[in-house]
Structures are given as structure tokens and as C-alpha cells.
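Right, I'll just put the structure down here and ask away after.
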Amino acid sequence: MDKIRFEKGWSKLMEVDGEGGQRVIDSLKDIAPDLGKYVVEFAFGDIYNREGLDLKQRQLVTITALTVLGGCEPQLKVHLQAGLNVGLTKNEVVEAIMHCAPYAGFPRVLNAIFTAKEIFKVE
Amino acid sequence: MDKIRFEKGWSKLMEVDGEGGQRVIDSLKDIAPDLGKYVVEFAFGDIYNREGLDLKQRQLVTITALTVLGGCEPQLKVHLQAGLNVGLTKNEVVEAIMHCAPYAGFPRVLNAIFTAKEIFKVE
Amino acid sequence: MDKIRFEKGWSKLMEVDGEGGQRVIDSLKDIAPDLGKYVVEFAFGDIYNREGLDLKQRQLVTITALTVLGGCEPQLKVHLQAGLNVGLTKNEVVEAIMHCAPYAGFPRVLNAIFTAKEIFKVE
Amino acid sequence: MDKIRFEKGWSKLMEVDGEGGQRVIDSLKDIAPDLGKYVVEFAFGDIYNREGLDLKQRQLVTITALTVLGGCEPQLKVHLQAGLNVGLTKNEVVEAIMHCAPYAGFPRVLNAIFTAKEIFKVE
Amino acid sequence: MDKIRFEKGWSKLMEVDGEGGQRVIDSLKDIAPDLGKYVVEFAFGDIYNREGLDLKQRQLVTITALTVLGGCEPQLKVHLQAGLNVGLTKNEVVEAIMHCAPYAGFPRVLNAIFTAKEIFKVE
Amino acid sequence: MDKIRFEKGWSKLMEVDGEGGQRVIDSLKDIAPDLGKYVVEFAFGDIYNREGLDLKQRQLVTITALTVLGGCEPQLKVHLQAGLNVGLTKNEVVEAIMHCAPYAGFPRVLNAIFTAKEIFKVE
């Protein structure tokens, strides 16, 4: 059953994060493989697979969370691309990040915008 | 023109936060009235008035930001009610908060959920 | 199998947090029951059940994490009691919190110490 | 010599925080007395006693740090009073807190302003 | 009038941050030009233009806020230079950062000091 | 006496952090030498020298604090090596970092694990 949970998580990870997500899991293999397993099972198998919000809404929440936390540029890169993957426009992503300014301040927002600039360029 | 900006902000504040927003601005009058003015003008006149995201999307972003920051229970109360005001269902709000668990951890999520429990009860 | 995972998690939750943990899960039942399920399954079934660190070491890590995050007084209360449950002495708990001062500053440490004072009194 | 360091710290604590500072140290006596000793010796004996900034400048820095950290209302209360003790005006304290809005966002600033409102009222 | 607000903000930005500030606004032009506009209008037109604190005091508050937030090295670089621009001495800036140690811990302070070391070298 | 305190701190710093700790103190000499002195005296002379927790327990607490704070990669590198120096196994360090996932979320944990991967490779 946990195999089913992992597989459900993996196929959601592929749908949302694609190649960027796979690279994170792969890079954990030699140091903390179970951490990769938990990311797949819990974040994607349990949470992303839930009903109640569609993937575009979930991606807005993830991008906001990573912007506000700060210091999550590697994860933000994966999830900015994921935003586009699930159908958010670049403009919607930029708007969501800018919307954080009154709540988390300009520095966190500027860092996320410059990360988006980097990702949207290479797309 | 700044009067126009304040008025645009005020009518957006009323639309989004309603009475809860007014109470915050009122309670600033004797200590830092200009702070209330900036909340109205910048957060609501400038940011909430932008196109590119609808009010339900903006409210998802605000609730996520406040959940992740932590220690923002008073602001979260206003914006949980605001989520319902702009048309999010209670279930969507709860899902958005739960979606933060893999990114910000259970404690921030539990605090926000118990705040939601309090607000949704009195509604 | 997920049932096994939940049961493993539940019995670990009872061993570590006891009654305080049960109260958290119970209080989620009417607002976000699946969040309680994830706390049991992921935090206790997956993580606390792992080998590699004993429960006293895990409790040191949890108490430190909650001290440093700040604003987690409700969770800290449960886990300070849990520290005693798994065999840490009150002195070890106080030392662990004080050890955070050079890393997270005095305010976070003072807040955690005063929470400990409250818990250790009622024990 | 450490006695000298403690005494230097204590007299600086009295000058800056006064009664509010003494209450913090006293309340640590039965749970973590050495933590109180370190607050006196390090924060007040070492840092507050340094040259290079006067006490009004140091108090601006402390109030800003506590505002931005969030969740430090008990410490903020002591240091808002301390701001007045060392000669800052209420208006300067309010301006310093408001100045944090573009950097740390409105919620942290609102929480600090409402704490100031409470302290300035009882003075 | 908003034009006046922008112009007031721009001339304050030039006075405080100079070239470093202009570079930030320029680099936003192709991804989120309105974010640059809000930084100029709100942070500099509204906040930095206020009376009640002089520019040296405001710069102490900004540097403290960025030190405590953490992960704001790009913004800290601009504002460390700005500290010197408005008349703070290098020693006052270093003292302000060090003063944060008892409140935010050594790691945040060390990161800010090493950023200052980099900026003060190139000046 | 303070000389004794510094010497006690220095010999503890050498025991715990070794060469990595010395490099931090050395790199402060031309910008903020007293900050290095305080790290030695307070963090190592006062705190690390205390009884009540052994060095392996203290290192678990330090690594957890730095993981949860985020943005402390330089300090984490020194203290991951220090973990091995005082007798923690690589597996215990990885377990402690992974244990933070339910409390601080995956991004902070992933950043710390990738820092550990870098340090454990060069060892």
C-alpha cells in the first residue's frame, strides 16, 4: 500500500515538478534516500493528491510559502517552473510574489522575483 | 490623487476585510494613524487593486503568507474571514493551510488551523 | 498498510506525547481530521519510528526546533512534557533550551524557558 | 573579574530596562538562574556597555530587532519602556517600528505598534 | 500626485542608496516594473521621507531589520553602503550589527558582518 | 579572569569546531575582533563548557538550531564537521536533520542535507 502511496506521489511529482523534482530526489540517494521517499509520499502522495484545491491553487500556495520562508531559492526554482507546468501564467506567478510585499516585506519579494527572472529566462 | 488612492484602497478593504479591516485601521488612530493610511493605500489601494489575480487567488496568497510567517494570529483572523467574504469556501481555506505543512512544518499549520477553527465557529 | 502506518504512529505518539498528543489530534477532528492523521502517520509513524537516534535524542531535536522557530508555545508544551516522558531530566531540557541562546538569541530562549517553567510546575 | 562584569551589566540593565529588566532576571531564578546571569553579563555587561553607539541608538536597534523577529512581545514590552528610559520620544519609537514595514511587512509592524500602544498607555 | 510621490521617492532613493538603489529598480524593469515603482513610492516616497527620525537613525533601523531577517544579503549590501552615504561611520554600522547578537544570535550577525566586510573593502 | 574565560572558550572551540572555528575567529580580526571574542567567550566559554549535556547532545542541539533558522550554511558547515569531531556518526547527524522535517518543513531540511552532503564528501 505504501508502494501505492509512493507511486501516486511519484506520478504527481512528475506532473507538477517534472525533471526538476526528479533531480532533487536523485540527489538525495547517496545521503538521505528516505528523505526523498518522504517528499514523494507526504508532499506529493498525501498533500498534492488531495481534492479541494486544484493544482494551480496549490502551486500559488507553494510559491507563496517558499517566498515568505526565505532562503529557499533551490526549492523555489523547482516550484516556479512547476507553476508554469500546471498552467499558471508567468504574470500570475509574478503577481502572487508581489502580493506578498505588504505581508513579508520587499526583501523576501525581491529575492523571489529575481529567482523567477532567472527561471523564466531559461524556459 | 493620493485621496483617490486612499479611497480606492478603502473600498477594496471594505470589500475584502469588511468590519475586521475597519477595526484595525480605527485602533491605529491614536498611536500611528499614518500606518493605517499605508495599509489602506499600499496593501489595498496598490496591491489588492491590481489585475492579474482575482480576489480568491489573492486571499489564498495572503492566508498562506500569514500562516508561514507565524505569530500573525490577529491578522490571520481578519483574513480568514476575508477569505469567506471573497468567496473561498471553508474547505478551500483549510486545504490551503494544510498544503503548507510540507513547506513550513506542522506547528505553523496547527496554529493557523486552530485560528480558523475559532473564526469559522463564530461566523 | 496505511492502517499499520497509522497504528505504528499512534502507539509512538502515545509513548512520546501521551495525553497531550491525543488532545491535539482530537481537537482537529471537526476542522481538519486529515491533518491529525498526517501528524500521526508522518511525524510519528515515519519519523519518530526511525532508528539511528533514540527517543531522548529525538526529543532534544524537537524541543530545539520548537524553541528556535518561535511562536510554537502550544506544541512546545506538549513536547516539553514528552521530553520528561521519554527520560530526559528537567535539567537536560533546560540546558538544551539555554544552549540555543548563542544561535537563536535570548528572546526565543526566554520564551521557551518560561513555557518550561509553566509545564514543570504542573507536573 | 566576572563579578565586575556582572556588576557592570547589572548597573547597565538598571539604567536601560529598570524594573522590567529586574523582573525578567528574578523570574528565571527558580528555573534557569544562569540564563539570567548571561543576559546581564553578555547583553548588558558586554554589548550595551560598548562605545560606538549611544543608548538611544542601541535602543533603536533592539526595538527593531524584536519587531522583526516577531513573537517577542514580552521582551518588546521591556525594551519599549527602556526606549523611553534612555531618552527616545514615543514618536521616535513609533517611527522606528513603522520604518520596518517595507522590510518586514505590516503584520510584524502592527503587532509591535499594538504592543507599544499598551505600554505607552500605562506609562 | 502619484508622479510627485514617485519623484519624491526617487530623489530620496538617490540620496540614500545612490547607484546601488538604481540598479535594483533597473533590474526589475523586464520582470516586475511595478514592484520597482512600489519600492520607490512606498519605501522611499512614504517611509524614508517622513520626519521624526533622521536618515542616520533610519539607516540603523534598516540595517538591523535586514540583519535579523537573514537571507537578505543583496539588500544588505545596498543598505550598508547607504549607511555610509547618509553619514554613519563604518564603526557605527559594525556596532549596530554586533548589537543584534543577544537578540538574533551569532549566525545572523556573522553573516551580516561578513557582508559588511565585503562592502567596506570595495568602498 | 576574563582571560581565563577566553582561554576556556578557546580550548572548547578547538575541541568542538577545530580548524573551522579558528578560521571564523581569524576572519573577524580586521572588521569586528570583539565579535570573535564574544563567540569564544559566550558560546564556547560559557555555554559549551556547561555540564548537564555532553558534547554529542550539545552538537545535536546546535545542528538543529542552524537547520531550523535557515540561511546559516557557513555556520552549519563548521558545526556539521564539529558533530563528527565530538563523536556523532554521519548517520546520527543525517537523522537529526531529517527529524526536523515535520517541525520546520522540507525546504530547510533539504538545504541542511545538501550542506551535509558537501561536508561529508570532503572529510
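When the chains are written out, they are named A, B, C, D, E and F in that same order, and each has its own residue count from 1.
The definition used in the following text is that a residue touches a chain if its C-beta (ideal position, glycine included) is under 8 Å from a C-beta of that chain, and two chains touch if they have at least 3 such contacts.
The structure displayed is predicted, hence computed values, not measured ones.
Think of each touching pair as a link: the shortest run of links from chain A to chain E has 1 of them. For the copy pair chain C and chain D, the superposing rotation over Cα atoms measures out at 120 degrees to the nearest 5. We define each chain's centre as the mean of its Cα atoms; on that basis chain A and chain B are separated by 23 Å. The distance from the centre of chain A to the centre of chain F, with each centre set as the mean of the Cα atoms, comes to 30 Å. The residues of chain D that reach two or more other chains are 34, 38-39, 42-43, 47, 50, 66, 69-71, 75, 94, 98, 101-107, listed in rising order.
On the side of chain D, the complex with chain A involves touching residues 101-107.
Across the interface of their complex, chain A is touched by residues 39, 42-43, 47, 50, 52-53, 57-58, 60-62, 64-69, 75, 91-92, 94-96, 98-104 of chain B. The touching residues of chain B, counted against chain E in their complex, run 1-2, 5, 34, 38, 42, 46-47, 50. Interface residues of chain E facing chain F in the complex, by the touch rule stated above, are 70-71, 94, 97-98, 101, 105-111, 113-114, 116-117, 120. Those residues of chain F that touch chain E in the complex are listed here as 24, 27-28, 30-32, 34-35, 38-39, 43, 66, 69-72, 74-75.
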